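Below, chain A partners chain B and then partners chain C, in two separate complexes.
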Partner chain A sequence: MEPHLVGVLTNIGMIAFVALSAYLLLLVGEISFGQQAFFGIGAYAAGIGTAVLDLPLGLALAIGAIAAAIGQLALALPTFRLRGLYFAMASLAFAEMMRIVLELTQFQVERDGELVGPNGAEGFRGIRYIFERGIEPAEFLLLVAALLAATLALLAVLERSRFGRRLRMVGEDELLAALSGIDVFRTKLAMAAAAGALAGLGGGLYAHASTYIEPRLFDVMLGVHSLAYGLIGGLGTALGPLLGVGLDIGLLESTQMFAGYRMIVFGGLVAVLLIWRPRGLLDERLLHRLARIGRR
Partner chain B sequence: MAHDLAQNTVDGLMTGSAYAMLALGFTLIFGVMRRLNLSYGPSIMIGAYLGTLVHLQFGMGAAVVALVTVLGAVAAGFYVERLCFAPMRGQAATASMVASFAIWMQLEELATLLLPRHSYPFPALIARPPFEIAGILIRADRLLTLGAAIAAMLALWLLVHRSRFGLALRATARDRATARHLGIDVDRIGLIAFLGASALGGLAGMLVIAADQQITPMFGMWATFKGLVAMMLGGLGSIPGAVIGGLLLGVVEAHGQWFFGPQLRDLLVYALLFLCLVLRAGIGAGVPSAERRI
Partner chain C sequence: MLALDGIAKHFGGIRAVDDLALTVAKGEILGLIGPNGSGKSTTVNLICGLYPVTAGRITLDGRDITDLPTHRRLSEGIARTFQNIRLFGGLTVWQNLWVAQNAPAHRKERGYLARWLGGSKQAREETGRLLDFAGLAHRKDELAANLAFGEQRRLELARALATRPSLLLLDEPAAGMNAEEIAALDERIRELKRQGYTIVLIEHHMELVMAVSDRVCVLNFGRKIAEGTAAEVQADPAVRQAYLGTA
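On to the complex of A and B.
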């Protein structure tokens, strides 16, 4: 494969994780403006794992995902009762606090006569694991794709299960769900942990693909984009957010289509699309219809 | 020390009055529509860019530029309302918000196509040195911002609470379906509230940019988030709340900047916001936001 295409596909795969994390929260009815924080936590934790502590990549990625899940739970516990704009703004405040804390964090050690580790607003350089091990970009893409495929398969099973139906009930009407005997608190916390872990995994991969991260990358623009990807691609299936990311990064950012006018065209198309399909291209109704055809 | 505190508080109140106007605009839109317009700041920015264009191309003075800025913001607001809010009925609040985000990206690119450099000069409204009252330095253009904010708030309060239109507006904000049954044209009320909010935002944005004497493409994001934070600090959905939230944000920022520098200032603001949101849930638990009235 040509290098440009490999880069684009890797990018789509990594951003898909944070889009999926926003999607999981949307399923239980929470709009988050703060998923960039957990992407950032995962990136920093996994980066420290390989670059500072010399851990293997797999372990570092796991640590990134766990750290992000813990972060998301720390946000979910005090904000569990908040809904709509209240939750959205609380998650934004949390994410901005996290970004500023990263700007203030200094944790550098000397390795091979060079300082590595987070250096405040200057960023975190030298996360060179995949280069030092001679891992090819195509091999790294394969890792991203395998992890994403496993995640999507897991979510597909989850959505068909009783738990999946419970999720959508909580998202639809919390009170009604509680009255039907669903433990809303536990359902939402479970979803928060999963969403945090997915964002953190994406962040860990991102840190290793780009070798350099800085707090500014994890600002609210990333968070709102992640949210938008789900609504563009569709909220009926976990493939929706992936489709949204693919349309934005794959079709527009990478090809030089409409150079200079890209956002004018894309922004307008998204607005019109949302008038036509307020819950995205692959929405629940379409999925339901497809399932009926499949059964026949 | 006491002098610093007093100076910071006065500075904060003046900056905060612009935040309060932005928060009032957000409150007006959210109160009537129950939807979040992320394009609020970028619409104001389009107005300011058109104002700058008139200034650079035709050498127009501050008064014309101010007028073009406000009218431009209203025109952009009209576009956003027609495209992202009017066509989406019922439960599609999230779709409206995401659509307004998409239009934000569109407006930002439009602004950089109009004027591609990173920053442009914007004419000052009053170009005279600051004066002193009881040892406190006061800039005339900031004082004008405070005055304009007070006038705008009074006008809005009178409109909402003392006019027939205001009655219809409050009815729509409280219960859209009932208002419709009573013969109120809720879509028209929504559009007028939206345009009024855009005009208010345009005025606030113009005053801020004229005091800074420059405009950058970051202004849209700045205005959206300052307005949102001020509105939420004041407790979503009331006119006095938006004003208090805006002033509080201004004062906290001024003190934070003076004592701790810009990074910790922002940390302080977001920590305060987070705390306000979490505690409100405790106090107001069981009160769905839809029942809060403007």
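On to the complex of A and C.
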């Protein structure tokens, strides 16, 4: 495969994780502007895992996911009990705070005569696991694709389960969900943990694909984009956010079609869709219609 | 069956419900009336636990449910409908009933295995009966959001019944209905009484309340100002004053 294409597809795959994490929260009716923080936590934790602690990649990715899940739970616990925009506001504040914490984090050790590890605003260099092991970009893409496919399969099962229906009930009407016997708070906490873990996994992959990360990468633009991916692609299925990522990165960012005008096109796309299809291209109604056709 | 003992709900300085005592006997229909803002809806919200009481106790069949969280009141047998209809618009008619029947709170008490073995066919029949009761059998695969207003009202009632409640709280079920629909609702409520449900009915449509209620309780400014049969309440000077003002 052509190297450029491999790079684009890997990017789509990794960003899809953080888009899915924002999507999971949207399902239960919570808007997060801070998923970049958990992407960042995952990237740093997994990076430290392989580069500083010399752990195998799988373990490092798992640590990244768990660290991010814990972070997201810490944010969700105090804010999910409140109704309204508190979680959205807190998520933005938390993410900015996290970015500054990362800028202040110094944790370097000497390896092979070179300092590796987070070095504040200078970033975190030398996450060379896949290069040291001679893993080809195409092989790494395969890993990303396999993890993404497994995640999507898991989400597909989840959405068809009772729990999946419960999520949508909570997202549609919290009060009615509670009256229908659903423990709204715990359901949302479970989603927060899953969302954090997904964002963290994506971040861990990202750190290893790019070998270098810095706090600046995890700013609010990433969070806003991940939120927008679900809103563009659709909230009816986990394939919606993936479609959103594909449209943005695959079409707008990677081709030169809208060079220089990407953000205008992207912003316009979001605005038009919010008016025309508030729940995205692949929304619940479309899926319902497809399901009815399928049954016939 | 249901007993409210000195319950109060204050929103800041506003006393939406104040020192209210109320009992509802098993199998009875209690009409709850009063001018706008008199605390009827707040009372219903307190019974189903949408917000905590400021003071007082609520008991159901002798069990204290005052501090029970909202999602656990379902398994105590409390179900309600809303003045402004609340349905899961993104689910179909059938699914709305299905999720009510299969509420997680119910599943625990009936056992996973029992459901697995014999539950589903029985549940399907029950859904069918509810669809017939609500006259929605032909609409069962339609999204709830796409239903007409009257159909949504009927679905909401069926949804409440699907949770197998013993106590039904109906918050203005006749709001927005025409005379014909109200007559059908009247018949439906009587049918529910025959089936043994206990009902608290909030309604502004006096003809309906007076016709179906065994007892009527009148609220004004969060307090009970009269209670008795329809005839007694209608003759009560305090009630006339609350509704019509002093002559």
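Basically, the second predicted complex is superposed on the first by the 290 of 296 C-alpha atoms of A that agree within 3 Å, B and C clash if a C-alpha of one lies under 4 Å from a C-alpha of the other, contacts with A are read in each partner's own complex, and residues count from 1 in each chain.
One rule holds for everything that comes next: a residue touches a chain if its C-beta (ideal position, glycine included) is under 8 Å from a C-beta of that chain, and two chains touch if they have at least 3 such contacts.
Computed from a prediction, not measured in an experiment: that's the story for all the values here.
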item	value
Which superposed partner A:Gly58 touches (first chain B, second chain C, both, neither)	neither
Larger contact residue set on chain A - chain B or chain C	B
Which of chain B and chain C A:Val101 touches, first, second, both or neither	first
Contacts of A:Met169 with chain B and chain C, given as first, second, both or neither	second
First, second, both or neither for A:Leu227, with chain B first and chain C second	first
Those residues of chain A which chain B touches in one complex and chain C touches in the other	none
Sites on chain C touched by chain A in the complex	48, 50, 69-75, 79-80, 86-92, 95, 99-100, 102-106, 141, 143, 163
Residues of chain B defined as touching chain A within the complex	30, 36, 38, 83-84, 87-88, 91-92, 94-99, 101-110, 113, 225, 228-229, 232, 236, 263-264, 266-267, 270-271, 273-274, 277-278, 280-282, 285, 288-289
Contact set on chain A toward chain B in their complex	26, 31, 78-79, 81-86, 88-90, 93-94, 96-97, 100-101, 103-104, 220, 224, 227-228, 231-232, 260-264, 266-268, 270-272, 274-275, 278-279
Footprint of chain C on chain A - complex, ascending	162, 165-166, 168-169, 172-173, 175-184, 284-285, 288, 292
